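Taking it in order: structure first as structure tokens, then the write-up.
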Amino acid sequence: MATSPLFTELDQIFIILRDWLVGFLPAALRPAAGVVLCVIIIVCLFPGLFALTTVFERKGLGRIQNRLGPNRVGPFGFFQPIADGIKSLTKEDIVPFSANAVVHFLAPLSLVVAVFMEFAVLPMGRNMVLVDMDAGLLFFFAMSASTELSVFMAGWSSRNKYSLLGAMRAVAQMISYEVVLLLSSVAVVMITGSLSLSTIVAAQNSYTGIFPHWYIFTPWGLAGFVMYAIAATAETNRSPFDLPEGESELVAGYHTEYSGFKFALFFLGEYLAMFAISGLGTTLFLGGWSAPLSFLTFIPSWIWFFSKVMLSIFVFIWMRGTLPRLRQDQLMNFAWKFCLPFTLLDLMVTALWRFMGEGWLRWVVSTAILALAYVLMGRMGMRKEHFGPRRYRYAE
Amino acid sequence: MNLVFYLLAALTIGGGLAAVLLKHLVHCALATTVAFAGLAMLFLQLDAQFAGFAQILVYIGAVAILIVFAILLTRGSELPKDGVFSRSWFVGLVIAAGVFAVLGWAVLESMRALPQQTAVPAVTVHDIGIALVGRYVLPLEIVALLLTAATIGAVIVAMHEKERPR
Amino acid sequence: MQESGAFTPQFATSAITGILWLIPVAPMVASGVIALLKQPRRKLAAGLAIGSLSISLLLSLVAFCHVVAGWAHGSVIREFVNFTWFRFGSSTVDLGWVLDPLASIMLVMVSFVGLLIFIYSVGYMAHDENFTRFFCFLSLFAGAMLGVVISNSLLLLFMCWEIVGLTSYLLIGFWYQKPSAAAAAKKAFVTTRVGDVFFLLGIVWLFSQTGTLLFYNHGVGSLEGLALVNLLSQHAGLGLSAAGAIGLLIFAGAVGKSGQLPLHVWLPDAMEGPTPVSALIHAATMVAAGVYLVARVYPLMQIGAAPGGTTTALTVVTWVGASTAVFAALIAVAQNDIKRILAYSTISQLGYMMAGLGLGGVAVGMFHLITHAFFKALLFLGAGSVIHGCHEEQDIRRMGGLKSDMPLTFVTYAIGMLALCGFPIFFSGFWSKDGILEAAQHWDLSKGPFYLLVFGALLTAFYMTRQVCYVFFGHWRGHGSAHESPKVMTLPLAILAFFAIALGVIGTPAWPWFHAFLSNRAASFDLHGFAEPGLGLLMLGSSCVVFAGLGLGWWLYGNKSPKPEAPDALEKSAPWLWKPLRDRLYIDEFYGVTVIAFYGWWARVADWLDRRVWGGIVAVIAWLFGLWARLNRFLDVDWVDGGFDKTCEEISSGGGLLSRVEGGRVQNYLRILAAAVVALVAILLWSSRP
Amino acid sequence: MTGVTMGINSPLAGYLLVAALLFAIGLAGALVRRNAILVLIGIELMLNAANLNLIAFWRYGPHPEALTGMMFAIFSIAVAAAEAAVGLGLVIAIHRHTDTTDLDKMNRMKG
């Protein structure tokens, strides 16, 4: 714990700022105004982060693919997103002739709104959570589940078979992996005994020696985190699970028929979902805003949170640059035949961990069970019939 | 009885009406989603946070998706040739109106002298969890079984019959 | 209700007795699991079967060591766990399991030989499509057999006994697409059922007399003092006590299972099954079950005998055994199917065992059972190896010269053959057979069995020599070329061969460990065992007989390799003898013209009765009713119907009206439901108005 | 905020009326539409109306800490999910078989 008042103030700087700003208003309006202020900050901050990330992504991908990436606009191409933003704002907004105009219009909007809602429950630093809900995790998943419908709306209203196919794929994929995502998070809930995300972070914010009690440093937590990471990648339709937008086969999936600002909204929604899901992963498994080593606690908590999120984003980009895309049936098989059983097993191991009590034995037992299951199921999954060439059944 | 309630009630009822009346099946499904969302917010209004979020997760996240999938799989997105309402729609309408009439009557009748709690119940998710695995553990297990059975059943029912080798 | 004998230290159950039930249950569970497997999961099926039987073997060894240890400390080990299965009225039906020297030694033998046969089967059945089914049955069979061995209740024994019968039916008919196999399976099933009916009668009688089917239960079991004295005091006629009569009824079951004289006909036919099955059935398990059963209920038969004397029941057992021994050996002389010869030899050897039981007691018979189990399993597996190597050829006339093609099989087969013949000193068969001969020699009642058994020994040596000469000597007469079998098949052969030699050690007169173990005496090594009066002479005599048989066989068949179509050497010299022997002494035909013909006749009589007599009566009654009906119709049509028809029409038109409601339209149902709800709520509200 | 209100103007009555209306709408949907999926939607709406009732009674009932109404609603949501899955599965199966989702045409038991 940073005891120095300077560090405490630095840590709480945003809270202090908010209270100071709100202080100008009459007392009755203060809570509402505080919330509005925070919402405004979130709504401004994350799109900014999004802009930054796109540059990083493009440059990072360029690095991985042995090319330069954007380097024309501004220093090292860092103003590229501004140019992109202006471009998409000024482009003509095309709505296909036979499209369902209302739904076509609502789809990107509802997507972005739902994704923004997810940030409401993420604790981004000590005391820095917009609404510390009792059922925060459930809220998060409820919101992320609502995005699926937006994707469907976009795909269906475009009246384009590629869009529809892409949307169906996306929805099927998101539903399948949402199960895994949810179940891998439930392990954390089982240990913490709370759905409140700030409680979950608080439960991880202690140290043995200099090492933190993050859940990723337990066998079940590691397994859960791996599952969570895989499911999160699929949930956000990122490579290698980016079939719904597979450019080579579906043009661009459900946002084929979107252009201009609506397209930008989808783009924004996707990246925001990435941020949100990384933020949740950080909160659940990586100790949220807590410092990785006990002597680093003087660094403000929000710095830790954002660096962890950005690290996850970097991993996302890295995977995109490295891994080839899966096939649809492989994707589904992987979700239902490997991820789901393994996550369920992880839940059982978590329960075991919970009830075995302190001691080295539970480490050995849960590690052994998980490792064995991983090896066995991996071997089963790698059998030819799952990943080999596939006989296609064409539509009747 | 405040403005928020009226707004949400209007949203829910409007969504429900649209779901029943719209011509296009996909529109109906989307309107249903609106009704679901309105209901979820009514739940929140009723301080039932958990139920509200569960409602969103299950109904918007799963049931609505299921419905649109079913619509697309049954080619329901194409408009039917012979009208969307069944032959004796009028009878149905009358009966539904009758149901509303007696229900409303019953509500008003019984509300006359019923004492009601207005204090916000101090119930946390933790309490719900304890109740679920404590007093309600048997229903929970049964529901788990039911869901498993339903999953398997739905898969089997909707599965392609195996093509016979020729 | 778990009732273990904890109150006397002698009966205190040990841990191994507590989990003794695992021994049969492990293969049974494996069988159940295998039954659920898909056909291609061969490795898993075999692994499960072998693994479970290995567990059984391990536990059996532990049990055996436990018993041996107890015995070595001079205490009688007879531990059992009983529990009540169900009760009706005041009587209870108890089941239980027991661990005593007899059971322990049988357990080890069955699970060990069984395991070897399982391993062998992996190779033998490798190309069979129904590999998993085979192992499913095999496991069930082994489990049921182990169940027979450990049961402490005649009822449990009977249940396992019947499962054994069922699985033997399934296994013999394993290749059910062959009509002969299906017929053989049916024959085995039906024939053993004849014995089982008597067995069941014995069980019922025993239960009605003693009120319990448990063998041992702290002095109140059916094989213990009180019950036996009670049974002995009752006379069942023909000079038999109730004990003896029940014993004989149970023995009838054993006759069926062990293929003794009148009911032996199924056993040679059972060769239609896969060879490992033949080995399992004819060596280790099913046929041994009969002998084991007699050994188990031995007290029933023995009670009432004067010291050194015998009882009527045992006399019957002796004569049946001895005559079976010679009878089957005679038939074996003139058979040409390699497995059929072995089958008859098995019948003959089972006769020896039965005779041994009747003459010399449990130990003598059981010792032959154990040694026989090993060398007969060896012979059968060897035969299987030969058949496998000769491309499924079973006719010994179409083999020959295999000793160079299949050296390993030849050596092991020769060991088994010498053990079976009772080749002196080095082979186990010699010692066990001599035990029986010695007992026969000392039998007071008659010398008949002794001569019969000696003659049987001569025949045994002769037909085995004939078989070996045909198969392994001379030159190759079949199609294609023979090849040695894979390791997985020859390894069990080698192991069995080792035991076929080595097992003799534990039963020599100098160190009668086995006999002592089974009869709870201390065993000591004492060369003076040989010095018993007459023993040396007997050993010499029996050796001479064996050599005579071997020599005769070699003289007639050695190294000649006649053409497959040519008449047999014996046929040439004594055709009058050959023909009836080849045709199995016409027993099947005899049954055909007697039992089966009788049943056929009886069925025809029943048919005639049905058609003519009962049919006639029924026709008369029917006609009478017809008359009555006509009268009724007259009344109905002209008197009653006038009003009734009208009513019916009304009802049916009403039904038509109602059927519109049930038109299969879901929404109609829903509509009616909702309308009903409206009505209901309205009524409720209206009626509850203040 | 603590206290007890009486009578028609209580919030409970409002929720119950909304629920009744939604129920009636759902019922109307189930009764007047041809398409089987729409009927299922109507049934879902009815279920939801019932849930709203349960939650409202829980909120304004005498013992909210007993959680009875809440539990009912949660289980009802779970069961409704199963019901939707099976119902829609059936509709798809029937559609595959008879090529229609029109309930007026679906009146034979024989496939």
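Should a chain be cited, it is by its letter among A, B, C and D, assigned in written order, with residues numbered from 1 in that chain.
Quick note on the criterion: a residue touches a chain if its C-beta (ideal position, glycine included) is under 8 Å from a C-beta of that chain, and two chains touch if they have at least 3 such contacts.
The shown structure was predicted, so the numbers you read here are calculated from the model rather than taken from an experiment.
*Asks:* Going by average Cα coordinates, which chain is farthest removed from chain A?
*Replies:* C
*Asks:* Per-chain C-alpha centres versus the global one: which chain is nearest?
*Replies:* C
*Asks:* Calculate how many whole Å lie between the centre of chain C and the centre of chain D, each centre taken as the average of the chain's C-alpha atoms.
*Replies:* Centres of chain C and chain D (C-alpha means) sit 65 Å apart.
*Asks:* Give, as an integer number of Å, the spacing between the C-alpha centres of chain D and chain A.
*Replies:* 33
*Asks:* In angstrom, rounded to a whole number, how far apart do the mean CA points of chain A and chain B lie?
*Replies:* From the centre of chain A to the centre of chain B is 29 Å.
*Asks:* Find every residue in chain C that makes contact with two or more other chains and list them.
*Replies:* Touching at least two other chains: 667, 671, 674.
*Asks:* Would you please write down the residue numbers of chain B that are in contact with two or more other chains?
*Replies:* In chain B, the residues touching two or more other chains are 50, 54, 62, 69, 86, 91-92, 95-96, 99, 103.
*Asks:* Using the touch definition from the top, which residues of chain D touch two or more other chains?
*Replies:* Residues 27, 30-31, 103-104 of chain D touch two or more partner chains.
*Asks:* What chain pairs are in touch here?
*Replies:* The set of touching chain pairs is A-B, B-C, B-D, C-D.
*Asks:* Residues of chain B touching chain A in their complex?
*Replies:* 26-27, 30, 33, 37, 40, 49-50, 53-54, 56-57, 60-62, 64-65, 68-69, 72, 77, 124-126, 129
*Asks:* Taking the complex as given, what residues does chain B use to touch chain D?
*Replies:* For this pair, the touching residues of chain B are 1, 5, 9, 12-13, 16-17, 19-20, 25, 28-29, 32, 35-36, 39, 42-43, 46-48, 50-51, 54-55, 58-59, 62-63, 66-67, 69-71, 73-76, 80, 82-87, 89, 91-93, 95-97, 99-100, 103-104, 107-108, 111-123, 127-128, 131-132, 136, 139-140, 143, 146-147, 149-151, 153-155, 157-158, 160.
*Asks:* So in the complex, which bits of chain C are touching chain B?
*Replies:* 667, 671, 674-675, 677-678, 681-682, 685, 689
*Asks:* Please output the residues of chain D touching chain C within their complex, sorted ascending.
*Replies:* Against chain C, chain D makes touches at 27, 30-31, 39, 103-104, 106-109.
*Asks:* What residues of chain D sit close enough to touch chain B in their complex?
*Replies:* 1-18, 20-35, 37-38, 40-42, 44-45, 48, 51-52, 55-56, 58-62, 64-65, 67, 70-71, 73-75, 77-86, 88-93, 95-96, 101-104
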